[in-house]
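In the two complexes that follow, chain A is the common piece, with chain B as its partner first and chain C second.
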Partner chain A sequence: MSLIKETDFGTPARESDVTVTLTIDGMAVTVPAGTSVMAAAMQAGTKIPKLCATDMLEPFGSCRLCLVEIDGRRGTPASCTTLVEAGMVVHTQTERLAKLRKGVMELYISDHPLDCLTCAANGDCELQDMAGAVGLREVRYDKGGENHFDCAERDQSNPYFDYDPAKCIVCNRCVRACEEVQGTFALTILGRGFDSRVSPGGTDFLSSECVSCGACVQACPTATLVEKSVVAMGQPEHSKVTTCAYCGVGCSFKAEMQGDRLVRMVPYKDGKANEGHSCVKGRFAYGYATHKDRITSPMIRERITDPWREVSWDEAIAHAASEIKRIQAKYGRESVGAITSSRCTNEEVFLVQKLVRAGFGNNNVDTCARVCHSPTGYGLKTTFGTSAGTQDFDSVEDVDVMVVIGANPTDAHPVFASRMKRRLREGARLIVVDPRRIELVKTAHVAADHHLQLLPGTNVAMINAIAHTIVTEGLVNEAYVAERCEPEDFKRWRDFVSQPENSPEATEKYTGVPAAEVRAAARLYATGGNAAIYYGLGVTEHSQGSTMVMGMANIAMATGNIGRRGVGVNPLRGQNNVQGSCDMGSFPHEFSGYRHVSDDTVRHLFEGAWGVTLDAEPGLRIPNMLDSAVEGSFKGIYIQGEDIAQSDPNIKHVTDGLKAMECVVVHDIFLNETANFAHVFLPGASFLEKDGTFTNAERRISMVNKAMPPLAGYADWEVTMMLSNALGYRMDYKHPSEIMDEIARLTPTFKGVSFDRIRELGSVQWPCNDAAPEGTPIMHEKGFVRGKGKFMITAFVPTDERTGPRFPLILTTGRILSQYNVGAQTRRTENGAWHPEDVLEIHPHDAENRGIREGDLVSLASRVGDTTLRARISERMQPGVVYTTFHHVGTGANVVTTEYSDWATNCPEYKVTAVEVRLSNQQSEWQRSYEELREATRKIATTAAE
Partner chain B sequence: MKRATGWDDQVASAIVGELKGRDGALLPILHALQEEFGYVDQRVVAELATALNLSRAEVTGTISFYHDFRANPAGRHVIKICRAEACQSVGCEDLVAHLKRRHGLDVDALSADGLLTIETVYCLGNCALGPAILADGEPVGRVDADTLDSLVARAGSERALTDGEVLS
Partner chain C sequence: MTTQRLVHMANQVAGFFSSYSEGEAIDGTFTHLRSFWDPRMRREIEAHLAKTGGAGLTPIALAAVKRLAEKDTAAQKSA
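Let's turn to the complex of A and B:
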């Protein structure tokens, strides 16, 4: 094991069909046209000294260290800004260059503190390296150097990195990284000449526009911007490449370690999802992994009001198994089930569903995708034939018209948002369909051409209006439809959307968006070149979530925007492995690869492999499990890495269900809220503590590599295996790679996948099989997976959740950049500096009508429940719509959300709840009683002398 | 030079609104604001950023790059004194010392009465007539102590006039 140092080519790689051959220091080098002399030299193994250049950024040409001599050219051009030409003869090391470079370094060093031995960058400083490379031996100007220690205070306001202006060499790399890579433009150079320094706009970092992605820290060649962890711990000595465990972008990281201690996470440039970029969560918010709240010993208890008793693994597993057996003996085979985790690896998910189907003998397995993207699976499978997004992330580079529907990428998928913003800065057009004015609508150097600010719950009316415009204005790509889609279905759909009630003029009364604006957006989508839809939970978490997914698929097919780069229908998936958990057979009706349990051929395949008879009937979904528990027929559950008592809608119903069960087994890294109702707690392992794979939103399977041993002794797959063995269903895997081999044997779309293959390719996108041995970046290229694309009728049916005199406002819910999901991880990091509590965003007009001022405590009530939180007056909202997040325990956003759900998949209608907001001076009844319940159910007995 | 009045958010917004459609509107707007108010108030940064789809940092950085854009109101009169090489060789530093000794005036600061700002510039392009200054935007060459004394006196007398104390 050693520290992975990635090669820095100095300037970004260029793609070209034309190659150019030149000579560098006597060696012939062939590179794509457009490559810089610097990158060409590096390719030939020659490092040209440099400070302001790095291959994450466009060349800048300011440091003057990378000068070269080129035969036939005057002067000494900078190799970073000089492009290769055929036959060019370049010299990178000459007497003249050596003298020039020494002179430049002398100037740099004359203005830099020489405290190298006590500097945090010692051992990882490019300035130091360059002084060495040019052989700097003396500094003639102002010996000792101007140290600048008194020039400006260190800025330590950011919780994760420090800014020390004394060490700044004004190379602009951080400023350019913020602009080019992250797209936030939060940094600038303040002042000029000797006074010039990097600045987040004349304020401190924490109160600036900075989103703490850390691209500047990564770009800094000195210790000017440096991780606090490096300041505290020193330089790492080895690294492990692994995959982030936050959102569905699936960024690749180097976990840089000292022994078993994590020093920092550095995004990996070879990561195809993130290309060396990251967000504040992935790069910095890893402290939860070793937080003192981690539970490291298994625990059991009789009743949920008993204190937890720490026991051995053997006792905990034996107890859980005997309880499940007892319950099944008493209440029947169907009385138990499990929930798989979208946070765990593919292999772990596969084992849990196998445990249920083969060990429990039923199909009562579900996953948190139930509450997020189950409509995506249903809708895209129905129309295209595959339950997944159609594109890879790279595809965004060829998008001409970007449509963002019900997604807030800059907060929820920040690294992909940066790639979107880059493309938008290059000139792509943007249509945003969202009830809120999300950041993408207008932010530095990005502005939406159309913001269709519809009322929550009217997506389908909107998509039908767009379809109506496309069809009635003759914008259908008839040739594409004729060649690739079912003609009868298309005709039916065309007749349906052409009806006057689907016109933008008619739907305006539902959506609130002027018809002319809708028509203009529809025309742009249909005629603006490559058009791609990116969407999130604002599409799926509705009573018509599945309808909307199919509605988007319809317009993509009608305009020929499926099956090549730059187009597609792309769900931005929320959790690191939610795509994977769905792929692995987490749904009660499907085996891995989305094959129905009633399909005899498929079931027999699994029965043969697993040596048991399998149930041909679909099992219970999460809401059905909870309903059955309340009714008394469902008594035991094994929940791996999911906190349904915080994340699922109508919390009272969830907790009533959990309370009604006789054995709740929670397998998690923290004592989460669901554990308040549990009888067995099995300590889980973080992503740093195990091997396996995650699958991201673009179907990309990436390796998770163990960087430290599991704190509690076992990786999650090992625990599931122990539980299965205790139940009497034998599982015997030595390593997760054997589980993946089994998945590949049993799943056609994974046939070519193995740990070796993934390592060989870096990552691979399913389907990966004989037909596509290197995976499939873009789906449906030669035709739809289901054969012909299927247009579906998408009649708009307003939700039953209506506003009225008692509940006149609509609540919609979402996320924020610094927190993640239920916050179990991010709340246990310094990310609270940005978002210490959930707030209710409310339009100034609605606030004024209710006498609400910024920061006031307000009661948020629906017909289901009420909670109290602070108000934030925000013009991002439209009048009549309020917004909150669900990241903090006790906020109770989901006390307020209702039991309504998607007609096809039961995905909850989180995005539409009729509410009233009033000034309040106290916590709600639920909050007080829940606080009492927490007090009563979270005690851990102090270990008695044994 | 237009007589600067106090900062007015509405007037500032009107200026931003009028000019924001131009290509590369930031500098023209900053010039117009400085022309109107004598300086560019920090308060306008957020509005400028929104109007031009820039970040606040970019706007702040641009303002800070140009010495001519002031962060605070200047005195009613502004003398820019060249201290570049050519003027140094003909005695501009003596003039700086004279201002301090005779009038108690610091360069790159506002006078105590708020009427006179003296600023350093590096080269007015008027080297042949150095020492050179710019007095309220008007170039003045071959400047000596007497020239400065009369300019300082004029600034001071205006204070008396505007205060209505002396009408001579």
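Let's turn to the complex of A and C:
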């Protein structure tokens, strides 16, 4: 193993149908037109010295180090800003150039503190490298002259990186990275001439608009911006490419190591999902993986009020298996089940569902996608024929009109948001449909053409109004529909949406959005060129979540915006492997590849492979499991990497369900909230500790490569295998690649997938089979997976959760940039610097009516529960709507949310809860009693000293 | 699982399909319940049907649950 260093071509790669041949240092080189001389030289193997250039950024031409000579041209042009021309003859190494470069380097070094031996970047410093490259042996300028050695205090405010202005060479790479790559524009050059210094807007980094994506640190050629971990630990010595375990973007990273210690995570330039970019979570918030809270010994206990007792793996597994057997013997085969995790690998998910179907002998398996994107699966399968998004991320580069519905990409999918913002800066138009004024509505050099700021719970009324406009104003792509869609279904849909009650004017009373604005947005979507919908949980987490997904599919088909680059219906998946966990057969009614358990042919295929008879009946979904537990027919559960006691709605009901079970087995890296109700705890492995694959929001299957050994001794797939074997259903995999081979044998859309194939291609998007051996970036190109696209009628049905005098406000919940879901990972990192507690965002008008000021403690109460948290007055909210996050345990945001759910999938309606907010001076009763419960249920017995 | 919750869920499903013709709506609702509801959920709502005649169910949901009961009963007999 060695440290992976991607080749830096100095300027970004250019694509062109036209190629240009030139001569560089006597060698003929052929490159696409538009390529820089610097990149062409690098392609030929010639490194031209450079400091301000890097291929993540557009050329800048400021450092004067990359000068070249070109026959027939005067002077010494910068190779980064000079484009290749046919027949050009370039010289990169001449006496004249050497002298010039050495002179430039002398000037740089004359104002650089030469503390190389004790500098954090020692061994990874481009300034050092360039001094070597130009053969710098002396600096003639007097060190006593004016310099920047003591120009300013080092800024150490950011928890993850330091800024030392004394080492800055003002190459602008950090400023340009913040602009071009991240799109935040938080950095600038303050001052002029000799006083020029990089600044995060005249304040310190932590107080600034910097989002800590790390792009500036990555771009910095010196130690001016450097990771604190590198300062503390020194340079890494080897690296492993792996896939991030946070959101559904699925960024590739190099885990840079010293032995089995992680020094830093650096985004991998060849990663096809992120192209070398990252966010604060993936780049920096990995400390949880080795946090002191990690549990590394299996534990068991009889009652949840007993202290945990550390036991051997054998004892824990034997105990869990005997309990499951006992429960099934007493209460029946269907009295147990399992929950798979979107945080675990495809292979691990596949094994858990196999354990349930083949080992438990029922189909009571579900996944956390139940509470996020299950309506996506239902809606897109019904209309298009497959339960997945239609595009790859690259497709955004061809989007003319971007529609963002119920998603907040700059917080929840920040790396893809940067690509969206780049496309918007290039001129794409933007429609935002969201109750809140999310950042994309107006941010640096980006402004939405239309912000349809609807009331929560009225998505379907809105999509019908947009459809009404498209149909009644003659904006349907008739040729596309005639060729690609079911004619009868289209006709019925057209008649339905044409009805006056679906007009923008009629639906305004529900949505609160002026009809003219809706009509204008609909016209832009239908006529603005390539139009793509990107959506999130603001679509799915509603009682009409599935209806809304179908509504979006309808308008995409009606306008011909499916089946090519730049268009599509694109779910922004919440977790790293939500797509994969669904693909792998986690749902109680489906085998891998979304095939129903009642399909005899499919079931017999699995029966043949697994050597058992399988149940043809659908099993219980998570909410149904909890309901059945409370009712008494569901008694045992195996939960891998999921914290339903914090993440699921109406926590009181969830915990009642868990308490009613006789055996709860939690398999996790931390003693999470669900573990408070568990009888067996099996320590899990972080993503750094195992091999496998994750599948991101664009159906891209990427490798997860083990960087360090599992802290508890076993990867999660091994633990599931041990449990299965103890139950008497034999599993004998030697490596996760064997599990993927089995998945490929049993799943037509994965037929061509293997670890070797993924490694060969870098990553691959399913379907990957004989018809598409290199995968499928764009779905439905030649026709829909189901044959003809199916329009569905999507009548608006207001949710049963209604506001009224007692609960006049609507609560909607979500997540923010620095924290992640239940916070199990990010709360155990320095990300708390940005978000130490959940707060309630409330409009100034609503706050004033209640006498609430910024920072006041307020009670948030719904029909099912109440909690107390601090208020933040925010004009991002509209009057009547409040917002909070669910990242912190003590907040208990989901004590307030209800069990209302999507009609088709039971995905909870997190986005609409009727609430009241009042000033308070104390914690809620739930908060007090839950704290006591935590105290009582999280004790671990100390082992007596020998 | 409370019968009240199952009735609510069945009515929600029927609510979606009620935009279609009556026959299609009943078909759609029946197929949905048959495809996605665990047998114990079906048994419970079928028991509710037997006991109360389907109190609280909308006409479409009621028709779908009746068909569900017929099919499940027939399947049990043939098993």
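Please note the rule applied: the second predicted complex is superposed on the first by the 938 of 946 C-alpha atoms of A that agree within 3 Å, B and C clash if a C-alpha of one lies under 4 Å from a C-alpha of the other, contacts with A are read in each partner's own complex, and residues count from 1 in each chain.
Note that contacts are C-beta pairs under 8 Å (C-beta built on N, C-alpha and C of every residue); 3 or more make two chains touch, one makes a residue touch a chain.
Predicted model, so just to flag it, every value in this text is computed and none were measured.
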A:Asp627 contacts which: chain B (first), chain C (second), both, neither?
second
Counting only touches as set out at the top, which of chain B and chain C does A:Gly684 meet: first, second, both, neither?
neither
Looking at A:Ala447 after the superposition, I want to know if it touches chain B, chain C, both of them or none. Which is it: first, second, both, neither?
first
So, A:Val797: does it touch chain B (first), chain C (second), both, or neither?
second
After superposition on the shared chain, which partner residues are touched by A:Ser199: those of chain B (first), chain C (second), both, or neither?
first
Which partner does A:Gly377 reach: the first (chain B), the second (chain C), both, or neither?
neither
Partner, of chain C and chain B, that touches more residues belonging to chain A
C
Going by the contact rule set out at the top, does A:Asn364 touch chain B (first), chain C (second), both, or neither?
second
Please work out whether A:Ser208 is in contact with chain B alone, chain C alone, both, or neither, and reply first, second, both or neither.
first
What residues of chain B sit close enough to touch chain A in their complex?
42, 45, 49-50, 53-62, 64-65, 67
The chain A residues in contact with chain B across the complex are 184-192, 199-202, 208-209, 442-447
State the interface residues of chain A toward chain C in the complex, per the touch definition above.
334, 363-364, 496, 543, 546-547, 588-589, 596, 598, 617-621, 624, 627-628, 630-631, 633, 793-795, 797, 800, 899, 903-904, 906
Could you list, by residue number, the parts of chain C that touch chain A in their complex?
1-2, 5, 8-9, 12-13, 15-16, 18-20, 32, 35-41
